[in-house]
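Since the structure comes first, as structure tokens, the remarks are kept for the end.
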């Protein structure tokens, strides 16, 4: 019994660890989705840019909003923000702490998506192959401008008959993938350095205030959970009382009925 | 025993979490079904549209109705709605709260199905390949209109001899898949933004009324469950009493029988 | 011990949930069986139809009868129907309620089998490929009628040398699978709509009568179970008494025997 109570208490007291878990699952789900969806560039000059950038930036927005929706702390924060001021005064530091922790967790999955697409490179090749400078690559320089535009738009499609075994296609593709991966690694490095500084430098400044804010945010969370549980407990007790009352009165009716039956039998 | 009681109480008090679980399972089952059923477009001009749109829209209707059927809250709501007015007055807010929560949960699986089919793109390619404008794609422009219609209808079938290694087939397929995925991501984004607004803006308005409605819906659910349990308990006690009575009278008969036997033996 | 008693009580009081579990297991077993059995069409004109329709309709009959056999409620219903009329009058509504609930549960597994075969499509292709109109498909139109019949019968066999890489074979197969899946989804949709109407409209009419019938069917079930248990208990006690009596008398005989032996020894 204690084992289950311990697990329950763990999930009750440690909203943060549950949130970390949800944040991790969301990140994995995003990456899994990217790898399982068949990404096929339309290879038409007017659609390429929109499709490539759409695949790169629309899902991160969806993932970011998902992260905000799934985070239980966001509800805690909103209720703390909109509650009437009672005896416990509202502390802006607590709300700020909650807000920053929600944002940090919601940013993980979108950042992972963008970095994965950049490291993979297909999206960037699809988006920017039309806007390359054709003079940099030998084969294209001879063709007419309209033809060049169409050829460049077909760079992301490997199976295209015109482009199969075309050296320039491979050169453009290599060039763009190189830029895409460079961009991806740079963003990853910058994010990790930022996380590192936030974690190592913050304790040197206002550690006490931070710990206090964290403690209070934790307190608000636990208060809400215990309130909900006590509500359930209360309504269960109330329902139990009502139903017992109903059955008591039914039993009395049955007794009266059987008494009258036995009297009839006597009579 | 306490362990089991705790688990039972968890499932008793938290109908909502059970419903969330059922809703998630239904969604996963739908996606699993889509991936395991062999989707094969008939590639006949007069059937393509019906088949593609049928696969896209008939299963969501089935999933939506399944979500309504499996949701225990729907029964709770119907009984609350049709119960005679006793001492507890009927609260429309509670019924509205229950109804909206049922609808929300029933919409998840169909929405997931439609988005998955759109992101996959096969259904849309099958449905709309015949209604493409053939002049956009080079190879088809030379053929006669009837032939073009037949060729366009065979776009979704990769193995078709006429179409294998046909560049235009791939172009039409890419173009339609691009539109399909764009549509899928747009719908996903719109749904997530709607969910986000519903979750973040609602607490700013009538949070207290919402919490009250939720509390009462919870109470009704618990009351029904305890009533059913008490009925079972009651009928078990009653049956126990009846059977004990039967055995008592049987024992007396046996005693009488053995007495008469022993008298016969004495006699 | 209390733990086990609770579990036993759960299974005792909730016969319905056990039946739901059995019904679900039977459905899963049916689907698992269909996927694990190697379905291979004979591809002979005179056997195809019988084989395809046999696989589609014989197992559902077996599953339906299995559902009736495994359902404990069917025994309860039969005994309620054939018991002598004592003080508790026989209620036709109870028997009707039991009968309908048994039928509903027994129908789930066969319906699932038929829908799975239709969505898979192999059975229907095997059954009806010979009766297709050959004029609809280009390749067959040139051959003689007997040859066409043989070719059509070989449509379900992919590996057949004549048919490998034959475009018309694939066209016939696609056409029939499209019809099969359309039929499967339609049946599924109709069943789900029927279940939905039964569940949502019934509470609006005679909910009280239904609840009463359900309560009494539950009572009869519990009464039978407690009767069986009490019988067991009773016969154990009786056997215990008999055996003790036997050992008592044996001990007395041994005493007498040893007395007589000692007397013989004394004598």
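Lettered A, B and C in written order, each chain numbered from 1.
Definition applied: a residue touches a chain if its C-beta (ideal position, glycine included) is under 8 Å from a C-beta of that chain, and two chains touch if they have at least 3 such contacts.
This structure is a prediction, so every number in the text was calculated from the model and none was measured.
With over half of the numbers shared counting as same, classify the chain A/chain B interface as same or different.
Answer different: the two copies use largely distinct residue numbers here.
Working from the CA atoms, figure out how many degrees chain B turns to land on chain C, in steps of 5.
45
Using Cα averages as centroids, what's the distance between chain A and chain C in whole Å?
43
Centroid of chain A to centroid of chain B, CA atoms only: how many Å?
Chain A and chain B have C-alpha centres separated by 23 Å.
Residues of chain B that touch two or more other chains: which are they?
3 - these are the residues of chain B that touch more than one other chain.
If you look only at chain C, which of its residues touch chain B in the complex?
2-3, 6-7, 12-14, 119-121, 165, 167, 170-171, 173-175, 177-178, 181-182, 185-186, 188-189, 192-193, 195-196, 199-200, 203-204, 207, 215, 218-219, 222-223, 226-227, 230, 234
Touching residues of chain B toward chain C in the complex: what are they?
It comes out as residues 1, 3-5, 37-38, 40-44, 47, 50-51, 54-55, 58-59, 61-62, 65-66, 68-69, 74-75, 78-79, 82, 157, 159-162, 229, 231-233, 235-236, 238-240, 242-244, 247.
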